[in-house]
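Mind looking over this structure? Questions follow.
Each chain carries a letter (A, B, C and D) given by its place in the written order, and its residues are counted from 1.
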């Protein structure tokens, strides 16, 4: 068995599923389940496609880094399908294509192939977002996404003209052996960074996020904010660690952009009064933070932070979007006291938000703690200060929201959450606590991830 | 004010690109690309897996990749996986157009324009010619410029001509859907068969034949014809969606 | 300079002028036509740079299909406008 | 020369996207940007006096100089992706029109 099936089987199912509309959602669930099960049977290594060796043909890379990503993303994708099953029916084929695209993004070891998969998953995402029925927002998303991927392609082509290959590891090899200076490479890298940054929600390229996530229903919210965001962050991580050679000046520009992203995201989250907007601005800040960690070389813990974000954003956006769908409003003041009627949902939401802001006992705390330790080792006190400060800000606005939502009020609105979402969010919340207290698993995974890139660096 | 800012931004960006590309030793000047350093050198010589020596048109056989058109060799063989992704992009956008423009459409869009006799007859005659050209281009993609994508688009263009020639014409959308689905599935299945027989996805399982002959290059002509059919049916669907509206 | 260099310059200048006209023209249908002719110019550019495959594809898809899609959108919209 | 024209086209397209407020014009600017990008990609592989990368009976040795075929293959992919995005954008534009009755983003009411 070869890991290319993770991409080929969803595609095959997508092509077949347009023949029968009733069959499509069933096929989607089956294929998604097949992917989760089959991941555990593939052997690690490089998979060549078409029988041509790495720099000439396209190759997929299945190492511990992409394996962790695949497991997390495929499971999260499946859970989102379960949560929003009645929304899924109309866009089942699109979701099959999206699944293939996301797996392709995580697996591919070729920069142009990555562009193709960005477009595949991107167009699927535009279509998923049309279920919001906010066409202007979708249009903005489409335009900005296309400009982003064009920038990525422009950077990639300049890089190809200089180096003469499209394969990631071969490119890193040739850059070091031909001695191309980092200054010469900063222009293509800047363009590729901007292009990917649009998809990864980094300021100041994120104006699409508010229209899409601020109006999200229970399919769009978790899908874009958790599954897509996690995938793009991991792709970013791979490119930053194994392809980019960052010169000092470029590094400074990128760090400044990202720091502005963090600060602006947290400020807007602090100022907002709508539940979904608070969450989306906070996730903008989180995305920038993750990229900074990849840039600083704290790869292992950055991956853990991506996973923590995938889990907690899935819980938060699922609950927030479900609630806003039911009540047709997401002003925090109008939602007062809903958790006092729905304790399970409330507890899960609380755990997830506290984990994001980094309180002890939860996964977010462990991750942030270790990240801070490595930053202090590197003596980068400014960054550490920013992370600490934003954690406090996050804590403040999340606690403010939580107090309002838990506020005991007699006339609080009642919502019937269906049992699927209840089970899923509580299992995920328990998972956050488990990872937060039993840290050996995380430490092991961090080591395996770091090993992948140390080997890659020595070649 | 906003326009002025945009002007400044684009001017700055353009200047940045031009100046840094000009001062860049690693970036080749226009017309001076050194192909010997790039991976495409191996695509031209066909020596990725083994060195075949001089490739002679019409004589050399059993190459790792058979098309005389090197671009086709890359699109449909060396980087066939990209092409699968690209077909998927077109597939999902055609699907999206159908989703967005509604499915319960009955009526043709009324255009203030009625074809006269000459246009009707002429279009029907041209329809055949364009259709044949499209199919020819798809089949000969490994020998001459063109291939599945322009060929498929030409097939769709011939359909478009029928739409324009006849006020009440509607293509059989259901038939296109089946064609699209079968062509796409076969592409993936060819890949999976390659995985089972040849050990890697989309490997060329057939004999590549003599370079330059019509029946050469193994699976590539088959793949290109499938792409042509799929692209043709998808774009015809898109055109049909743009040209119909809801109504009795 | 050889003849081909002059052709290159003419094509390049025409491309820029047509793009400028397409962006700045007031009428949408005229803008679409400028886009179509610009695409046709780019086909000449592709031929000059020895890319026949790309030229064929751009000629069929870029200037043919994309233009027709734009025109159909505008036509359907004009009809809705008449009704109101 | 054509390379500079391609860069100018990319920037013109970007300028159009940033300044235009009409949905159709924005899609049009995207198309201009894509054409510029495609020209740029091809120009990167151009070799003066190179021949088109197709083998024929007239050219029978390996010693001939071809232009780089890989960028051409990439552009084929990019063109098809471009037409997909354009079709989707126009479909969304049609939906926007039937909802708001206008293509101008500024004339649509905020929700």
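As a convention for this text, a contact is a pair of C-beta atoms (placed from the backbone, for glycine too) under 8 Å apart; a residue touches a chain by one contact, two chains touch by 3 or more.
Quantities reported herein were computed from a predicted structural model and do not represent experimental measurements.
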Between C-D and A-B, the pair joined by more C-beta contacts: A-B
Centroid spacing, where centroids are CA-atom means, of subunit A and subunit B in whole angstrom: 32
Whole-Å separation of chain centres (CA-atom averages), subunit C against subunit D: 10
Rounded Å distance between subunit A and subunit D, as computed from the means of their C-alpha atoms: 29
Interchain centroid distance [CA atoms averaged], subunit B/subunit C, Å: 19
Junction residues of subunit C, two or more chains touched: 51-53, 57, 61, 65, 69, 73, 76
Subunit D, residues touching no fewer than two other chains: 1-2, 4, 8, 10, 12, 14-15, 27, 43-44, 46, 52-54, 67, 70, 72, 76-77, 79-81, 83-85, 87-88, 90, 92-95
Contacts with two or more other chains, residues of subunit B listed in rising order: 17, 28, 33, 38-39, 43, 69, 71, 79, 82, 86, 89, 92-93, 96, 100, 145, 147, 149, 238, 242
Pairs of chains found to touch, sorted by chain label: A-B, A-D, B-C, B-D, C-D
Complex interface listing, subunit A residues touching subunit B: 2, 4-5, 8, 11-12, 14-16, 18-19, 47-53, 55-58, 90-91, 93-94, 97, 100-101, 104, 112-113, 116-117, 119-120, 123-124, 126-127, 130, 158, 160-167, 178, 180, 184-185, 187
Subunit C partner contacts - residues on subunit B that touch it in the complex: 69, 71-72, 109-111, 137, 145-147, 149-150, 153-154, 156-157, 160, 235, 238-239, 242-243, 245
Subunit A to subunit D touching residues, read off their complex: 112, 116, 119, 123, 126-127, 130, 134-136, 138-139, 142-143, 146-147, 150, 153-154, 157-158, 160-161, 166
Residue ranges of subunit B touching subunit A (in the complex, touch as defined): 16-17, 20-21, 24-28, 33-34, 37-39, 42-43, 48-49, 64, 77-82, 84-86, 88-89, 91-93, 95-96, 99-100, 177-178, 180-181, 184-185, 188-189, 191-192, 194-195, 198-204
Interface residues, subunit D side, partner subunit B - complex: 1-4, 7-8, 10-12, 14-15, 18-19, 43-48, 52-57, 59-62, 65-70, 72-73, 76-77, 79-81, 83-85, 87-88, 90-92, 94-95
